[in-house]
Every structure is written in C-alpha cells, then in structure tokens.
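Okay, so chain A shows up in both of these, paired with chain B first and chain C after.
Now for the complex of A and B:
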C-alpha cells in the first residue's frame, strides 16, 4: 500500500519554490521558510502568484508530484505535466470503455450509488447527532430527503443507462442541497445556504464548498495520474477540452465525506466565521487569506483521519481513499474485478 | 520508518571537509536536519538501503563515524524537542 504523501500549500504572496538536491525549498521574499525531501511529497499547490524553478518543475514531472497553480480562491489555472507514463494498454482500455455505453454505465452506477449512499449518511449522521436539537420541520425535511435519496439510490442500482444515472445523481443532489442548510447549527444568517452556486459562489457556504472541492479535485487528479489512468477521459462527466473528467468522476462519491462534512464542521464549530470571507461588488464570495490557511490546515488534518475501507477492509488515512478508488477503477478496467466498487462511507 | 542519522567527520584537512559536505548532502536529500550533524530521515527500507550505502561510500572509516538509530514506523512519538529551532513536522500541514 502506498504511503499517504503530504501536500505543500504555498499561500504567501512572493512565494518561490526551488529544488535543492532532492529537496523542495519554499522561499518567501527571498527567505527560506521550509524544506522537505521530494520523496515525502505527493503534491504541491500554489495559490497567489507563487513561482517555481524549472529544475523543480522537471523533478516534479519526473517523480509524479502533482503541481498545480490556482487563484487565491482555489480556481484552477495551470499544472505542470510531465511525459505521460503508466500503461498505454490501460489507457486505451479506458478510452474504449468510455465509448461503450453499456460498460461505462456499470462504472457510473458504482459512482452514483456510492455518492447517493454517502449523501444519505451525511444526513443521517446529522439527524443522529443533533436531531434532538433541531426544529420539528427541519427534522421532517431531512428525514424526507434522506428517504427520497434512498429511493433514488435503490432505483439507480437497476439503471443501465449513463444519462438516466446522471439524472439520478442530479435528483439526489437536488434533494440533498435542499436540506443542506438544516445541517448548519450556527444561527448566523451569513451562512444561510439556499442552493448550490458556483463560478462564482454567491454565499459563504458555497465559497467554502467550492474551495474544498477544488482541493479534492487536485487530489483526485493526481490519484488518477498516479495509477496510470487518463484523467481527462471520464465516464460520468462528458469530455470537454481542458476538463479533468475522470478526476471529477472520482470526486463525486468523496464530496459528501471529505468536503461537505468538513465545511459543516468548520462552520458549526465556529472555526470559520462570517468575517472570514470577502464579498465582491458583483456578489462573488471568497475566503480571505488567513482563514484560507485555517481551512487548508483542517483539510490536511481531515485527510489524516483513519478509517476502514469498506471494500478492501484495510485501515487507511482518508487522504489515501482517492488513490485507492483510482486503483480499484484501474483494476476493473483491466478486468481484474467485475465491477467498480464505489467508496461507501459508514 | 524513521531513521536517525548522526555523524562525526574529521575536518582536519580539505578532504575531510569535502567528506563532511557530501555526507550532509546525502542526509539532506533523504531527511530533515534537526541539529548540526543530526538528521531525521523518513524512509522506506529500500530507500534506507540506498542512503546507507551512499553514506558508507562517502566516509573514511579510519577517521569518521556514523551512527544509525532505528526509530521504527511510529518513531515520531519517541521524540521530544526542547529549546530553539524546533524541527518542521513533515507529516503535518505544510503551509507557507
């Protein structure tokens, strides 16, 4: 089993990354802030206008360290990509299966049903932990949504058409986000959530979710690349130039577990307050710099939580789950396992 | 696994200072400098074999010495730091 490698985040203005021997060195305004051996690093994410030396970029491309450049709000800008490695045969199989509606439906089914199950778990957990303190109406609404998602899930298990599965996924998301606001336990109206908005996110909860999804996307993309899959050829998400569809596919089932739960905890535990966001005149909401670091720290900590993988029965840090799911998908594509077992959180 | 590497390299002549630099470089490539000639290296057994071989090839066994302490998989727990220059926790969140 692969080690869960750490990720370096550069959020300071004037950041500069360089390679020294086999180390990554982070400098801010010409002063060394930290160094780490390359073999302990799985990814580098640069926010704000950080630069990197060509030697470091080359080393990252060679050793498979995912290096991404993002805007301060977490929107993707560019990445450093090395020569394609991995297995051509696996990638060709992936392309062929993506073109085959019957076989890709089986994979999409695994992803969609796992996502629905995880959304349900998030709702059920909230009811179990805090249900007694909720309004009657909120409790009923969550109960109803949970049951509906359950029904959609039972129905989706029998679907064998990608478009219908996409429909089920959308329906589930609608039910889920309709009651998402009831999971918030802080009365502050600043965190009110009505519907999912993105590009740009229009409220604080959406801004937080979008930011965490961007982080998860980075991890899923490097997971796909790490096992030799083509991150741009997805099954659930259609091809679009420049879109890492497979990374988005892998993300779906992990969103409720890794991102949604974390966003709720941050808000509910008051680790993130209303003043931690800035609102543009156009209505776009984004995290300020210092709170962003707090979110990233919480995100890294969350990835270290250990859990038992339901399919493999092995204990692993949560941060390794995207990699394991990519590996299981690769094994399914190769024909080693009969179906793609989605990650179902307990 | 976590390995602690310490060394004592004789720096009486230019060749010794060269050996010192090269030993330090080898350790730095695989781990973190926690004190002047003390390094903590988080390595897997294969990487350790490589590092060990590289270190052995650098030193002059007549004059220099190396000590390796095997702290094991959860070696972090066995370490306590007091005083200035605390080491960076490379498994913790790395935000700069």
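Now for the complex of A and C:
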C-alpha cells in the first residue's frame, strides 16, 4: 500500500528550500530551520515568497513529490512538473469521456451522491453529538435539512444526466449551508456564518473554509497528477481556462469530511479565535500568519486519522483518500469498473 | 528515414524486458508499458542497483572471450529492442559468437519468463551479427550461480508467441483485467493494480445505492 507521506508547508517570509544529499533543508534568512529525508515527503507547499533550488525541484519532479507555490491565502500560483508526469492515453480517454454527457454521468453521479451522503453525515453527527445542547429551532432545522439532503441523494443516485446531477448538488449545498451556522457552538458573533462567500471570503468562517479548501485542492490536484490524470479536465466542473476542474471535482465529496468538520472543530474548540483573522478595508477576511500555521498543523493531524475506505474495505489514513479516489477514477476511465465510486464517509 | 516513419517504427517496438513482464502477468506488463506506471519497492530497487553495477563497466577481455556490458540490441523483423546486460563474444574477430548473459536478482524460477527474455536477446543478436546464437546464460544473484540456457525450438517458438501476444496487447492499448495469483504479493504495482478489487468489481451504481440507502 502506498504510504501517506508528510507535506512540508513553508510559510516564513524569506524561506528557502534546498537539497542536501537525499534530504530537503529549510532555511530562513540563511539559517537552517529544518531538514527531512526526501523519501518521507509526499508534498512541499511554499507560501508567498519562499523559494526553492533547481536541484530540489528536479529531485521532487523525479521522485513524484508534489511541489506547489501558493499565495498566503492558498491561491495556486505554480507547480513543479517533471518529464514523467501524465499518461497521454489516459488523458485522451479522460478528454473523450468528458465530452460525452452519457459517460460523464457515471462519474458525476458518484461524486454528487458521495458529497450529499457526506453532508448528510456531518449534520447527523452534529445532531448525535451535540443535539441535546442545541436550541429546539436549531435542532429542527438541522433535522429537516438532513432529511432533505437524504432525499436529494436518493434521487441523485437514479439520475443519468449531468446537468440534473449538478442541480442536485446545488440543492444539497443550499440546504447544508443554510443550517451550517447551527453547528457552531461558540456564541461569538464574529464567527457567524450566513452564506458561502469567496473571492474574497467576507467573514471568518468563510476565510477558514476557503483556506482549508485550498489545502484540499492542492492535495486533490497532486493526486490527479500522481495517477496520470489531467487536473484541468473536469466532469462535474466544466472547463474554464486556468481552473483545475478535475481537482475541484475530486474535492467535492471530501469537503464536508476533511475541511468543513475541521473548520467547525477549530472554532468550537476555540483553537482559532476572532483575533486570528485580519479584515481589510474592503471587507475581505483572511488568517494571520501565525494562526495559519496552527491551521496547517491541525490539517496535517486530521489527515493522519485512520478510517475504513468504503469501496476498497481497507483501513487507511484520511490523507491518502484523495490519491485513492483519483486512482479509482483513473481505473474507471481505463475500463476496470463501470462507474466512479465516490468516497462515502460513514 | 524521415521523422514520421521513424515514429511509426517506434510504435511497434517491444522492449525485451516487456516479454518477461508479460509472462509474469499481462496486466503488470500493460500497466508498465502501455500505461507507463511504475512503483518502486524493495525488490525493484535491489534489481536496479544490481543492474547499475552491471551497467557501469564498458568492455573486458578474458582469453578468447570479449565482454560487452549494456549492449543495445534489436531485431527489426520482430520489432524487438532492448539492452543486454552482458554479451560475451566467444572466439576472435568477425567469427566471434555472441553469448548473452542476463543478471537476475533472485533465484531460478519455475516459469520460463527469464529464459524467454534471454532467448529474445539471442534472437536480436542473431539478427545483428548474422551468426547462430544457440545458447546463453542466466546469472542469479541470490544463488550466485550461472545457468546455461539452450535456445532450442521449443523456447524459440514460445518466445515468438509471447512477442506476438505482447505486440497485440500494445497495439490494442488495453490493460487486461487482473487475474490474481500468488505472484501478486511480490508485485510492486499491486497498489495500482488492486487485483482483489478489480477482478470482479461490483456494479458501482448498485454499490452507491446501497451506500446511500436508496
């Protein structure tokens, strides 16, 4: 079984990464801050003005370590690609099937069904774990949303039409985010959430969600590339220049499990507080640098949680799930299975 | 030759090493050579290191035997290409007879994959030098022993059949479904192949329905 390997996040201004033998060395202002053997690393993410030596980039490309450069808020800037990435036959198949609405439906159905199931599970777990402490009105609202999402999911699994599946996904998201704020157990109004906002996020919860989605997006993009898929060609998300549509596709079903739950528990456990964010004149909200490190640490820890993969029946860390899902998608495109089995979290 | 015909020529070329993969498992062969997937594990790393050692040297000479390491070989008629670990040339001058020696990490095996690979090298050497190549040898790292292999009619026929089957699979560009066998446990591609899951996969739609409770 492929191992789940660590990701190095370089957040310091003036950070510099270089290769020393078979190790990666992190320097800040010319001083060594850390070192790790390359074979223990699955990815390197550089934020803002961190740089890396060409020798390290070459070693990453050679050994399949995903190296990306992001802005401090997690927006994708660039990545390192080596000569061995991708598989032209698989990409051609991916392109052909993406152009075929009938064959795309078998993939989109798996993604949408799994996303709805996972949103439902987030709501159900919240009711189970904290329902007794909630207001009657909150409990009722979550209950209703959970049942509606359940119905949308049971309907979606019967659909053969990509546009209708996209509609089901949208309906589910509406129901889910309408009650999302009831899952917050800290009374602080600073964390109040009304609706999903991005580019830029306009409140703290959205800023936290966006940052975690960016981290998840990085992992999904690397997973797609790792199995030879084209991260730009999506099935649920239509092509748009500059957008990694397939990475977004792979993310959908994992958002509730990996990101939403983590955002809620960081807030509910007061690991992240109102003062950890900055608000600019235009109303855009983002994490400050030090809290960003706290979120990254929590993100890494979350990825170590073990669970049983529903389709493969194997126990694995959550961090490996994007890779396994990308692999299952590639195997479907190759004809090994007749559909895409989305990741359904129980 | 123009670039275009050059590329078309490339299309039908089969690496000698693929024959051995094909005999071990056609799906493994397709994953490596059609899908270009590769995963290194302990065994492949050891093999690579063993070959690195072999690949390092140039020539060598002992009495009437001239040694050539990492010799690029080809049989255009069969569309075979490859690199022979070691080719000994027995005898002097133009009359010297090529004798391939292939280095293997493990020990002699019950199946004939190693012999087929060696015989294919023999066929290439015959095509290249115009001499009969009646035999070669396999050197097994684990037992540190050399075993002579005669390229008899049986082995030649088997080798030609495997070349044809491999070519058909390459041309179809299709990866066959897995047929799990005991070799799967030592296959470095098991994680990509997932023989247990994809041998008889369930209908994904019905699986999804069950998961969601529809």
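As a working rule, the second predicted complex is superposed on the first by the 344 of 346 C-alpha atoms of A that agree within 3 Å, B and C clash if a C-alpha of one lies under 4 Å from a C-alpha of the other, contacts with A are read in each partner's own complex, and residues count from 1 in each chain.
To be clear about the criterion, a residue touches a chain if its C-beta (ideal position, glycine included) is under 8 Å from a C-beta of that chain, and two chains touch if they have at least 3 such contacts.
Keep in mind it's a predicted model, so treat the numbers as computed, not measured.
In the superposed model, A:334 lies in contact with chain C only, and not with chain B.
Touch criterion met: A:311 reaches chain C, while chain B stays clear of it. In the superposition on chain A, A:89 makes contact with chain C only, while chain B stays out of contact range. Residue contacts after overlaying the shared chain place A:342 against chain C, while chain B stays out of touching range. Legend: residue contacts after superposition of the two complexes on their common chain; A:293 is shown touching chain B, with no touch to chain C.
In the superposed model, more residues of chain A are touched by C than by the other of chain B and chain C. Of the two partner chains placed by the overlay, only chain C lies in contact with A:117; chain B stays clear of it.
The contact sets of chain A with chain B and with chain C never meet. Against chain A, the residues of chain B that register as touching in their complex are 25, 28-32, 41-44, 47, 88, 90-96. Across the complex, chain B is touched by residues 3, 6-12, 15, 21-23, 26, 28, 33-37, 39-40, 293, 296-297, 300-301, 304 of chain A.
Across the complex, chain A meets chain C through its residues 1-2, 84, 87, 89-90, 106, 109-110, 113-114, 116-117, 150, 153-154, 157-158, 227-228, 310-312, 327, 331-332, 334-342, 344.
Here chain C touches chain A in the complex through residues 34-37, 39, 173-175, 177, 191-192, 194, 197-198, 201, 203-205, 207-209, 211-214, going by the rule given at the top.
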